[in-house]
Amino acid sequence: MITKTVKDVHEACRGVQDGMTIMFGGFGLCGIPENAIAELDRLNIQNLTCISNNAGVDDFGLGLLLRKKQIKKMIASYVGENAEFERQMLAEEMEVELVPQGTLAQRCQAAQSGIPAFFTPAGYGTEVAEGKETRKFGDKHYVLEEAFKADFSFVKAWKGDTAGNLIFKGTARNFNPVMCGAAKITVAEVEELVPAGELDPNQIHIPGIFVQRIFQGEKFEKRIEQLTVRKK
Amino acid sequence: MALTKEQIAQRIAKEVKDGYYVNLGIGIPTLVANYVRDDIEVDFQSENGILGMGPFPYEGQEDADLINAGKQTITSLPGASFFDSAMSFSMIRGQHVDLTILGAMEVAQNGDIANWKIPGKMVKGMGGAMDLVSSAENIIVAMMHTNRAGQSKLLKECSLPLTGVKCVKKIVTDLCVLEIVDGKFKLLERAPGVSVDDIKAATEGDLIIEGDIPEMKI
Amino acid sequence: MITKTVKDVHEACRGVQDGMTIMFGGFGLCGIPENAIAELDRLNIQNLTCISNNAGVDDFGLGLLLRKKQIKKMIASYVGENAEFERQMLAEEMEVELVPQGTLAQRCQAAQSGIPAFFTPAGYGTEVAEGKETRKFGDKHYVLEEAFKADFSFVKAWKGDTAGNLIFKGTARNFNPVMCGAAKITVAEVEELVPAGELDPNQIHIPGIFVQRIFQGEKFEKRIEQLTVRKK
Amino acid sequence: MALTKEQIAQRIAKEVKDGYYVNLGIGIPTLVANYVRDDIEVDFQSENGILGMGPFPYEGQEDADLINAGKQTITSLPGASFFDSAMSFSMIRGQHVDLTILGAMEVAQNGDIANWKIPGKMVKGMGGAMDLVSSAENIIVAMMHTNRAGQSKLLKECSLPLTGVKCVKKIVTDLCVLEIVDGKFKLLERAPGVSVDDIKAATEGDLIIEGDIPEMKI
């Protein structure tokens, strides 16, 4: 019997090597695969190309890998929260490809879906479109964007089952679903892992077919980036 | 007197109509939510994956799994939904969002906008702004009329890398309300106590000034 | 206060006119907008272009509109269950565009998502690709397919709320979600309509922004096309 | 003796491996599910929107909202999931399905397949077949070796409109098991009691016959 469940994050990360291209779910620090990032930090994997909406903060999320200069190239849409990132980018110590957020999501979903390329209006007439094919449909201009290719995809879900089915919570969903199945191997870390059959088949956000490895994360810090509250 | 940021938000709130789905950018746009009339129903979309965004949570009720695109802790209102980033941009790219309000570093008189990069100095990334401005049919820019050095942000042509071309429809600054008409800035309203000459002096781009320009009501 | 809830199917169909292009959710007879189809039959709307995976059976589903020759053109992937359909098609009384099922789904989703066109491998080297641009990505050939344009989209959901949020059930989901927001006006008929706030925001399949009108269907026959059972 | 349809399904079931996600077409392929070894775990996908499809329901427990792509009432197994048609074809087009088994009217020796149309006579549509055959890395065709008129369905070139080009890997008919190798049909196994000459006589396309061809075990 083949099982997708792995014991822990060490087992979940086997096969990750220097120079690989890796997708990371999450928006800001919300819904990031904390356990996998910490493990890549411990393993000190080098020369990574990371595809992620953001680059974490200086001491959490992908900031951990940035600090140790493990990232050769970053593909992201917004990196404004990370001073060390901006320093490495402006000093040209790291390659950076900035991608409109919707295009980033769609390029992941295209990879998941076997769509090699699609047209989008985002970035037409800007430097994002430089060197890319553009075309007019109706009275509007569009840019041709290609699907990403990646070796690993690390995602974080709220609940998962041993068949690899995933359910996300609140806005921690974000980029996680679209990265499932968008890389050769998708690794999901979940807050709660249950036996197959316990989740309602009608409420599954990502079917297990898109997930190769799943494990219950040892610990989720879930750091809040901008705590904003009202007084009672 | 020039408007405060709160007052800019207050003026923009009057553009929000019953039944609108609205995406608010970071900064002044975020404040708009506080001033929308409470006898109309408006749904706020945040591109990280929520429709039906509510106010900040009460102290101690914050949830790390519930934030807006500015990474602030928020709440959800009855009728809200959560979704992934691809679906979120289906809403935006597919023109299902009725109104987009965002900030800018520069706006040109043909409707071009720049707000994501100062070459060699500051690169935060475009986030969802390029998707928003290339798709939205109704874009209002909220910004100060001049930058910290006192230079006009309303230009004949943008000098910074563009976020989108010919997309801005309306601009609300601390000095006035402008509309893009025939490749120029048409002055619609003045801030209370701000003269047409004050606005002329603060605007590099070409202005269209027709008849008496009324003071805005907030 | 603007409300999406309409009283009944008559109100839900206001604005539908002869010659329009209309999408219909459903797979076979499973999850079809029964009430809307019956109303279009009653209204005797003519010269329709219908986009639907199937064409119903002779006396149910889109078969009702076929019988009265209300359909000028049918865009579908599989029409094998309907004898009258085959007759009209072979006699060239009706225009038919057959589209691979995945391409059909993706062309709807593209319309929903503001993607004007995308590449897909389906149909390369077949008559489906005739007259279309093809391109090689990697070592594989793809066909460029465009988003659909439609006036109305009629879908059927299990539960819905007054904000237009929808939840589907089982395999009655099928094409319904991808057609929401893919036409100028999306009309959802639901088995149970509840006030906004009663559905879990984490379990909504289609957010209300994609739906313009919603009503609780008067009656759902839910006919079974192929009853297959085991003995106890 | 030529295999029955049930036996064709039985033989194909041996190609299904532990952990596979499998899509079964209408007809003979549907029967394959009945013969998969029960010590392995296999998930059946049906393109109308279910992964983890189970057997037919018991009498009286059928649910109109739970069918397969053949429109038959089915059940779901523990670990199943439901999804929309776009996601279903993400699984298929994205090559997440490990094995696709489908029927055919004709197969050519270069792997071309035709199964959706007889011009002027029969047009049922391609359903999901074009997406399946253009995407799947592992396609097995299940069909009778000859048509009702006794003509070979294994051809040098297809005469009917194609469903897909150079995509079929393996064919299991009532007479034999064949693999597409170097643009020819390589004979792998004979049905019990069927001779190589019987197969030659029933095959229009070029055969590769190397050494002794074993009888298949069912």
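Order as written gives the chain letters A, B, C and D; numbering starts at 1 within each chain.
Throughout what follows, a contact is a pair of C-beta atoms (placed from the backbone, for glycine too) under 8 Å apart; a residue touches a chain by one contact, two chains touch by 3 or more.
Just so it is clear, the structure is predicted and the values come from calculations on it, not from any experiment.
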Review point. Between chain pairs A-D and A-B, which one is joined by a greater number of C-beta pairs in contact?
Key: A-B
Practice item. Compute the centre of every chain as the mean of its C-alpha atoms, then state which one is farthest from the centre of chain D. Key: B
Practice item. Indicate the whole-number Å distance between the mean C-alpha point of chain A and the mean C-alpha point of chain C. Key: 32
Practice item. Let me have the rounded angstrom distance from the C-alpha centre of chain A over to the C-alpha centre of chain D, please. Key: 36
Check your understanding: Between chain A and chain B, what's the gap in Å when you average each chain's C-alpha atoms?
Key -> 28
Exercise for review: Go ahead and note the Å separation of the Cα centroids belonging to chain B and chain D.
Suggested key: 56
Revision key, fill the gap. Chain A residues touching 2+ other chains are 106, 109, 113-115, 120-121, 168-170, 202
Study note, to complete from the structure: Multi-chain contacts in chain D, i.e. residues touching at least two other chains, fall at 50, 76, 82-83, 86, 89, 92-93, 135
Check your understanding: Can you list every touching chain pair?
Key -> A-B, A-C, A-D, B-C, C-D
Review point. Contact residues on chain D for chain C in the complex?
Key: 46-50, 55-74, 76, 82-86, 88-89, 92-93, 112, 116, 120-131, 134-135, 161-165
**Study point:** Residues of chain A that touch chain C when the two form their complex
**Key:** 106, 110, 113-121, 135, 137-138, 140, 142, 146, 167-170, 202-203
Review point. What residues of chain A sit close enough to touch chain D in their complex?
Key: 1-2, 109, 111-115, 161-163, 165, 181, 195-197, 201-202, 204, 207-210
Review point. Which positions of chain A touch chain B when the two form their complex?
Key: 27-31, 53, 76-81, 86, 89-90, 96, 98, 100-106, 108-109, 120-128, 158, 168-178, 205, 222-232
**Study point:** Residues of chain B that touch chain C when the two form their complex
**Key:** 18-19, 21, 39-41, 43, 45, 50-52, 76-83, 86-87, 89-97, 135
